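Structures are listed in the sections that come next.
Below are two complexes that have chain A in common, paired first with chain B and then with chain C.
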Partner chain A sequence: MPSNSSDIDSALVTKLGADAALLALLPHGAHWDEAPPGSTRFVIVSLVDAADEPMQGGCAYEDALYLVKAVALSTAGADMKAAEARIKALLEDQALVVAGYTWMTLHREARIRRTEVDDADPSIRWYHRGGHYRLQMAPS
Partner chain B sequence: MAIKSGRYGTVKYDPAGVTPVALISLNGWKLSLKTDYEDVTCFGDSNKVYVPGMRDVSGSLTGFWNSTNVVLFEATEAATPGKLELAPNSGEPTFTFSGLAYLDADIDCSLSAPKVSGSFKAAGPWVLAP
Partner chain C sequence: MSSNRFVFSGLEELKAQLRALPAALAGEGGHLVEGHANGAAATIKAGYPARSGELRDKLEVEHQTSAFGARSVVRNRSKYADEFEYGSQARHTAIGANRGSMPPNPLFTQTIRQRRRAMYADLQGLLERHGLEVTGDAE
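Up next is the complex of A and B:
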């Protein structure tokens, strides 16, 4: 089956969104780049950087750095520590199954943690906690 | 003819020395066709003069470890030379450098994709086709 890089993105979001333990902590699910309006506890997955490692006649493997983070409104009562730990448990050195690819590695390269002041209402705070995850997949 | 990209280069090898088959997961090859020269400069010459000796055919390969094709490593155990064929671009498959060769190999396994490298030396006459 031909490989499609977007399938890797989707597989990552699906894996996080399908985990019951993570959904219990962040019930508004996992989303690519942005969550739906009204969401207060969710996971965001974004592409930070990507490169294709070439080889003669094709691509040896796709090397991508993803931002995967738990995001929650400060008043939503989210256990951010547990959410970050669950994200790490789901991803760190865990194989990702994607049609058209062979999994090589998935691991966290850096941690992120910050508090964001809401653009619309400066009295509101958003918590972000997660990390940059390196995912390498070789086209089959 | 136009300048072509090495992205579509190929390396083929047959341990039996007959019909080379593509080695996979490689990303480069080098071929050296250096010739020794003897200095035969004599009195009265206005500059140094040389005569060529024999051409020394050798080279190297680079790529990534792929467990589905370990021919390169098996070749390091061969008691007889195989046939190696190098093409700068698969879009011009008739332009090849080929001949019998002995191969050796290295593998560098770090935290990223394991890299393989190899070198070769001619074990018979080499030709540039066509």
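Up next is the complex of A and C:
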């Protein structure tokens, strides 16, 4: 089956969105780039950077850096520490199955943690916690 | 008693070249590092939205050089830089406009990583032009 990089993106989102433990913490699921309006506890997956390692006749492997983070409104009662830990447990050194690819490595390169404060109403705060995950997949 | 002997010629010239190598590499390498940092900053600045100009205005590049090395740092001191880079949720601006959520826009990180890869390739070329063999990856 020919490889399609978008399938890797989808596989990441699907893996996170299908985990019962993570859904219990972040019931509004996992989404690519943006969650639907009204969501208050969710996971965001986004592509930060990608490079193809060339070889004669094609691509040896795709090397991508993803932003994967738990996001929650401060009043939604999310356990951000547990959510970040669950994301890490699902991804760190865990194989990702994608048709057309062979998994090589998946690991966190850096932590991300920030609090977003509304400009007009400082009582409105959003918590972001997760990391940059590096994923390398070789086209089969 | 053996009359074999080894004769090395040109050793003084080699030693002189090796002594001069760090300074030569630092000079040319420094230009490469600065050039890529400035290029990264230009790309990032051009990619920022031109509303208030805050993100563009607060982007800066700092260069440091010595006889043996060069270092350039690109940073954005705007308080909105993180929100732009990592995304933000439904929010209001200081003038009351409802901005809604914004997806992550990794302009800064992606540009820096791309430029860093190009810089490493250029630095590898520099070393090879000076007669050194380079193996492995910088990252």
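In the analysis below, the second predicted complex is superposed on the first by the 135 of 140 C-alpha atoms of A that agree within 3 Å, B and C clash if a C-alpha of one lies under 4 Å from a C-alpha of the other, contacts with A are read in each partner's own complex, and residues count from 1 in each chain.
Basically, a contact is a pair of C-beta atoms (placed from the backbone, for glycine too) under 8 Å apart; a residue touches a chain by one contact, two chains touch by 3 or more.
Small disclaimer: the values here were computed from a predicted structure and weren't measured.
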{"item": "Clash-or-fit label for the pair chain B, chain C on chain A", "value": "fit"}
{"item": "Chain A residues touched by each partner, larger count belonging to chain B or chain C", "value": "C"}
{"item": "Which superposed partner A:A35 touches (first chain B, second chain C, both, neither)", "value": "second"}
{"item": "Angle at chain A between chain B and chain C, C-alpha centres, nearest 10 degrees", "value": "50"}
{"item": "First (chain B), second (chain C), both or neither touched by A:Q136", "value": "first"}
{"item": "Chain B versus chain C as contact partner of A:Y61, first or second or both or neither", "value": "first"}
{"item": "Partner chain(s) touched by A:E92 [first = chain B, second = chain C, both, neither]", "value": "neither"}
{"item": "Which of chain B and chain C A:E109 touches, first, second, both or neither", "value": "neither"}
{"item": "Chain B and chain C, minimum CA distance [Å, superposed model]", "value": "8"}
{"item": "List of chain C residues in touch with chain A within their complex", "value": "82-83, 86-94, 96, 100-101, 103-104, 106, 109-110, 113-114, 117"}
{"item": "Of all residues in chain B, those that touch chain A in their complex", "value": "6-11, 25-28, 63-64, 90, 113"}
{"item": "Touch list for chain A against partner chain C, complex", "value": "33-35, 37, 44, 46-49, 51, 65, 67, 69, 71, 73, 112, 114, 116, 118-121, 124, 126, 128"}
{"item": "Residue ranges of chain A in contact with chain B within the complex", "value": "53-57, 60-61, 104, 136"}
